[in-house]
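As structure tokens, here come the structures.
Both of the next two complexes hold subunit A, though its partner changes from subunit B to subunit C.
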Partner chain A sequence: MLSTTIRLLMRSGTLIRPIITTVRPLSIKPTLINFNEKRKTLINEIPRRWSHVHYTYPMIESRVMLLLRLFDKIDPNSLKLDSKFVQDLGLDSLDIVEITAALEDEFWTEIADVDSDHFLTPRHIIQYLCDKYDIYEHIEAVSAGKEYLEEAKAAADRAHHH
Partner chain B sequence: MINNLTRFRVLQLYKRIIKLSHSWQSINHPLKTSEEQLYIRNEARELFRKNQHVNNLNEIEEHIREGEARIELACHYKNPYPRPVNLPTYSLPPNHNRIRFKSEYEIEDISRPIYLKSYETKEDIPDNEEQLKTDKS
Partner chain C sequence: MKQLSLKHFIIRSQAIALYRDIMRTLLKIQDQDYRKEMRDWARIEFNRHRTLKDLGEIRTQIALGRRNLNELKLSMQMAS
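So, the complex of A and B:
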């Protein structure tokens, strides 16, 4: 188990504080790891603040909706996933900037101004954050293979009969 | 006409002020940090909304300059409140009993520094005759 963490660290040689996902059993003695020549730290000294947090779709959705409900210009009763900010809720572009700043604080990421232009409904925000954190359990799987197989079968039948 | 670039700059400035308010630490009055943070946020909100309907490109540029000047002054002097300014020379303080001529308003507008631009008093400037009539009645 220790060797996998060393390999993780060596592969990500440019990171100063890599995210460690393996659990270190207490029986193994702490060892010194060299990231670069200047610094040597113990594995258990490396800070891991939010790397243990597991992002899921319900968690993101509840956090985003809570944040929007706490905003004083939004009526919490009329807020739904698909309610548009500008048309239904009567918000301004300045309000959307405030919302983006609050989201940046909540999720500890940076959201570019270019991206915040496309936030028209809460669903867009949630989709953006899911893309950022690679969450796709809520998306229905569409099997493209079935239709292709049927078409191929039909073409083969036609060729066979001719 | 407001093009996308100026709109982007205005929103970027607004976001910058909000970010500044989150990391603001008051050095002169350590107990009033949250008060000053709230002041920065509310002031930005009010002034940006007050000047929402400005359409002239030059005016918008000047307002952007005003915002940046406020940010720089706040960061340099560690004080978010605007610097007080003296009245211009050859002018008297406003007094309700006294007739104020149009030239006084103009001098005041011209001599105001850029970081106080949004604090203009755009009252209706009555003509001298009308004011005399109202004073008599």
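So, the complex of A and C:
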């Protein structure tokens, strides 16, 4: 059952599929279909999206960078997180449209034109996808917060010692 | 610096929308060689008329592109 769903998803010939990071079985509701009176078949192979896959920042970053490296107009050696598409990699607006279409296909999502206008570096793409999937573990704590925490700790120590 | 009039800007976004529809449709093609061929053909066609200035000519090309895209979608439906 699992292998047929994998085959169904792989048939479209796109680059890579999300890596299964959990071992929970797909929660598919079994449906009873009555072909004729004598035979009843249990069909539980309804294809489902990988809704249980856990999206993390390293996974998104590696998928996006792989997708960009496989693009034939990008030189994979000069591709960095902050390399600008137009200025450093020599792409034009049509290429960015193509990259956006490939990203939509890879991440099973829709990306509007207004959003793809803001994709100037790979980092922007990764940040957009992190915002879409609510991933913020890679964002560093704001320094004002750190100083506040130290002050609060110092004040608590002083109150404790008095 | 090239000055774009408002009409040119609007038509440019229409052309980019057409290119996006083409790319999305091409990603559904299973055969990798055929997909590569159609993608290269689309790129060549768009690049050939990249420097058009007359709005009427641009609209004609966009309409031709739409027609080709519809034919492609029909042939994909027949094939599957």
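By our rule, the second predicted complex is superposed on the first by the 94 of 162 C-alpha atoms of A that agree within 3 Å, B and C clash if a C-alpha of one lies under 4 Å from a C-alpha of the other, contacts with A are read in each partner's own complex, and residues count from 1 in each chain.
As a convention for this text, a contact is a pair of C-beta atoms (placed from the backbone, for glycine too) under 8 Å apart; a residue touches a chain by one contact, two chains touch by 3 or more.
Remember, predicted model here, so these are calculated numbers, not experimental data.
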> Once the shared chain is lined up, is A:109 touching subunit B (first), subunit C (second), both, or neither of them?
Replying inline: neither
> What is the contact status of A:101 with respect to subunit B (first) and subunit C (second): first, second, both, or neither?
Replying inline: both
> In the superposed arrangement, does A:78 touch subunit B (first), subunit C (second), both or neither?
Replying inline: neither
> Between subunit B (first) and subunit C (second), which does A:93 come into contact with in this model arrangement: first, second, both, or neither?
Replying inline: both
> With both structures placed on chain A, which of the two partners, subunit B or subunit C, ends up touching more residues of subunit A?
Replying inline: C
> Which partner does A:62 contact after superposing on A: first (subunit B), second (subunit C), both, neither?
Replying inline: neither
> Just which bits of subunit A does subunit B share with subunit C as contact spots?
Replying inline: 93-94, 97-98, 100-101, 105, 113
> Can you name the residues of subunit C that touch subunit A in the complex?
Replying inline: 13, 16-17, 19-20, 23-24, 27-28, 30, 32, 39, 43, 46
> subunit A touches which residues of subunit B in the complex?
Replying inline: 7-8, 11-12, 14-15, 18-19, 22, 45, 48-49, 52
> Across the complex, what residues on subunit A touch subunit B?
Replying inline: 92-94, 97-98, 100-101, 105, 113
> For the complex, which residues does subunit A have touching subunit C?
Replying inline: 11-14, 93-94, 97-98, 100-102, 104-105, 113
